[in-house]
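Everything on this sheet refers to the single structure shown next.
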Amino acid sequence: MPAQDPLTIGGRTFTSRLMLGTGKFCDFGVMREALEASGTQIVTVAIRRVELSAPGHAGLLDALDLDRYQLLPNTAGCRTAEEAVRVARLARAATGVNWVKLEVIPDARWLLPDPVGTLRAAETLVGDGFTVLPYVQPDAVLARALERAGCATVMPLASPIGSGRGLRTGELLRTVLDGATVPIVVDAGLGVPSDAAQALEGGADAVLVNTAIAEAHDPVGMAHAFALGVQAGRAAFLAGRMAEREGASPSSPVVGVPRLPDPEAVDVG
Amino acid sequence: MPAQDPLTIGGRTFTSRLMLGTGKFCDFGVMREALEASGTQIVTVAIRRVELSAPGHAGLLDALDLDRYQLLPNTAGCRTAEEAVRVARLARAATGVNWVKLEVIPDARWLLPDPVGTLRAAETLVGDGFTVLPYVQPDAVLARALERAGCATVMPLASPIGSGRGLRTGELLRTVLDGATVPIVVDAGLGVPSDAAQALEGGADAVLVNTAIAEAHDPVGMAHAFALGVQAGRAAFLAGRMAEREGASPSSPVVGVPRLPDPEAVDVG
Amino acid sequence: MPAQDPLTIGGRTFTSRLMLGTGKFCDFGVMREALEASGTQIVTVAIRRVELSAPGHAGLLDALDLDRYQLLPNTAGCRTAEEAVRVARLARAATGVNWVKLEVIPDARWLLPDPVGTLRAAETLVGDGFTVLPYVQPDAVLARALERAGCATVMPLASPIGSGRGLRTGELLRTVLDGATVPIVVDAGLGVPSDAAQALEGGADAVLVNTAIAEAHDPVGMAHAFALGVQAGRAAFLAGRMAEREGASPSSPVVGVPRLPDPEAVDVG
Amino acid sequence: MPAQDPLTIGGRTFTSRLMLGTGKFCDFGVMREALEASGTQIVTVAIRRVELSAPGHAGLLDALDLDRYQLLPNTAGCRTAEEAVRVARLARAATGVNWVKLEVIPDARWLLPDPVGTLRAAETLVGDGFTVLPYVQPDAVLARALERAGCATVMPLASPIGSGRGLRTGELLRTVLDGATVPIVVDAGLGVPSDAAQALEGGADAVLVNTAIAEAHDPVGMAHAFALGVQAGRAAFLAGRMAEREGASPSSPVVGVPRLPDPEAVDVG
């Protein structure tokens, strides 16, 4: 199925619909195995955390096989449009990659993005030639504005970053999906594969997961589980779900089937 | 993973945790393809519907490759314990299979099972040497009684049969799972693969699906999607999910990371 | 409104649809004030807890003004039908009240009732002339059997006793409500007044609350809040709710309204 | 309770926490009765709909007793900040009221507000001396920006306008409530009083309802039901809810209570 159902972002085509974050793994070995088990093709890295300039630092970027993955630098930790633009440019200069997951997060408690600052930074970065994937609240009007600004995707949150509370914004997500002209990637808050499947079943194009994999008891096993969940959700979306019914509907209709002989003959203890 | 994580019911071992119903497929060809795509190993058939005695009838049973699947005759359409016992015995006589999915359903509107009648019929059928898989409401006290009576599984409903409303009984399902000594198979009401994944993630051992596959726009594609969803849910259960948090937790901690240079140097449009 | 919309149970008529439990109050003074603030007319008491025979015991029953409230002795702590029947008879002998809230709870962990034992005890107690209000899981088939046995109400749980998790069994509750011939009283698990309102809006006839009031920071204030919530839910049920829509519908239609003059004239900062 | 628990908006104090819309009533008589039954003190009116300049028009404003209600003109139907500012000024000129419910809604399908345009218009209108109550998505960062801009409240939606789907944005609403410095008024999508109660229980300061009352079978009865629901929710918030438990907790502890005599003596049918 993947071969016939590619995901295209910024002119590149992917067969996996599961993006992974790298921020919470306890060690690089587990991280590499989890990336492998997930089948991901897009990996996001917080540039501030990479400490690009640290001398002799065997850092995160060295631990990633960049021939296999589309590197997606992100601007985590940036509180304003200005900071995010600066970090995006530093990231491009250091890595040669012009993709950026744009995060403008003034709110330290809930880690919620700033709609106005995100839109402003996105306009600037698109103008700079970046492929921009902005992290946003599930706001359909903002999503449309980001599309018009030239963003490559829109990435609405499922619940607060790192909370693992699952898809709690479904009511608004459906408004973001309705009429979207770029891929919608559900980002933040997914806790288990069924959350990811649910997002894809509803029409989301992909998901991004970090904490739910890194903090699982077995991160590699969970990475595989998310891979399956994403495939399940996409396959279901393509297959077209049944209509819900208010009431019951017999799986095995017995209308017209003659009743069997008299029950008296049967001995029930 | 399946090889190391078998499901054992009535002394038989299975690698698939997805059981399929056959009652709603529009034609036998699609049904066979869907069974194939689902990877199922256990297939339930309503004995009343099979019209066992119809002369020259190229029926449902003939359409099933019984070397590949564990046939699970069910007593759909039976309203009392007595009827269900009788149909189970007829089914065994006709098919040579001594497994039975026990349905005692007096309620034509919601197709809900009778707890008292189900327990009574289960006791009789276990005494008769049947491997009994009873369909029940998610009632933990009843589930324990059915286990004590010698049932091979307990099969609580997710929502009304054929409704596709998903796992709406999770609050009670967790009480059924807590302390279960036989496999718990969530049956009835699942609408999409994320519903199945959610059941497995929560600790259910397997699911049974019929309408959600048969009534999908593409039943074969949906059968495959459910196979993936079930695998995702089981893999996640084994991998051990992250703990939920009330609030946010940064994926990319920036504590201790020096702030970058002065933002004035950056030009944002 | 109450005067025109009475609740009738066992031939007695009530204007309040909020029953209260007494088991968790820290002192009798707070309990009495909370009962007053709730406007309740039916109060349940665990007979075992009352220590009827304790010499010189100024107990719970003395703290209740039994002229104001219908006393509803309950069989909390009984694990079998036999025990429950015995406690009900003791309660009647000691109090002169022939109402009983029937609890047959073999499960110490989740405090879930036994469907088979509850039905059996109910049949015995109805035969003994009791007005029987059985506590059950939200099982419509069992509910109908209890009605046929002559029970005065059926009392399905919202979530586990004392959990405060709210109405998590709505999917099954609607099947219990559909076709009920006695009042349905939602019992156990309600945490806040909106839970009670939701139950009444859906058609439940009354609710029983204990822990959510007794364990509130201000039990008397919360008793009043529940009284209002129950009235709100009942009033909404009688008023007939709007139909839900999938999408939006303008509150203030502007179709046909001429657009205002040219926006250029307006100065926006 | 209201006397000790006032709601203050724009320097005015209210005892009711239920605001009403006027857009969907079938006739002015029912509207007036519903306003009365609701106990509301703040009534919103779409200025475009009022047709202020229609000669000889006995319009909506004439039907309202403006001595009793704080009139809250709204900018429904405005797609841009510019339009909204213009309509707000027209409304003030025509009515003498300088309050405005600010709606900037470019999206005709879901009727979702524009975060950027709303913030811009709010800044302008505050500068003009208006008391501004902006309608927004439940975006905490935007809410804080609107507070800093001098808005009198923030009005996040529960679900799409007129949908009656209830409080589906609770996950984000709690982030809006956390740290709010002005009253938070939940607006749009509430369908039944339990929805309103739930919003207030969670800490919202008030709600605004229109369709759920106007489209009820009995609008006057439903207005009263919402009044009760809002009071219930506020009273519960002030009383402090119990903590939720994962499992059960007996209402009537029986620890230490001696078991009753031997059950053999009891005859159960």
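In order of appearance the chains are A, B, C and D, and numbering begins at 1 in each one.
Here, contacts are C-beta pairs under 8 Å (C-beta built on N, C-alpha and C of every residue); 3 or more make two chains touch, one makes a residue touch a chain.
Just so you know, these numbers come straight off a predicted model, no measurement behind them.
*Asks:* Determine the set of chains touching subunit B that also touch subunit C.
*Replies:* none
*Asks:* Indicate the whole-number Å distance between the mean C-alpha point of subunit A and the mean C-alpha point of subunit B.
*Replies:* 28
*Asks:* Between subunit A and subunit C, what is the separation of their C-alpha centroids in Å?
*Replies:* Taking the average C-alpha coordinate of subunit A and of subunit C, the gap between them is 43 Å.
*Asks:* Go ahead and note the Å separation of the Cα centroids belonging to subunit A and subunit D.
*Replies:* About 33 Å, centre to centre.
*Asks:* Can you list the subunit D residues in contact with two or more other chains?
*Replies:* 109-110, 112, 160, 165 - these are the residues of subunit D that touch more than one other chain.
*Asks:* Are the chains arranged, by touching, as a line, ring, star, complete graph, or other?
*Replies:* Graph shape here is a ring: one loop, exactly two partners per chain.
*Asks:* Okay, what are all the chain pairs that touch?
*Replies:* Chain pairs that touch: A-B, A-D, B-C, C-D.
*Asks:* Which residues of subunit C touch subunit B once you look at their complex with the stated criterion?
*Replies:* These residues of subunit C touch subunit B: 106-107, 109-110, 112-116, 119, 137, 139-142, 144-145, 159-160, 165, 168-172, 175, 178-179.
*Asks:* Touching subunit A in the complex: which residues of subunit B?
*Replies:* Residues 1, 21, 23-24, 46, 48-49, 51, 74, 76-77, 80-83, 85-87, 89-90, 109-112, 120-121, 123-124, 127, 160-165, 191-195, 197-198, 201, 210-212, 215-222, 224-229, 231-233, 235-236, 238-254, 257, 260-261, 263, 265-269 of subunit B touch subunit A in their complex.
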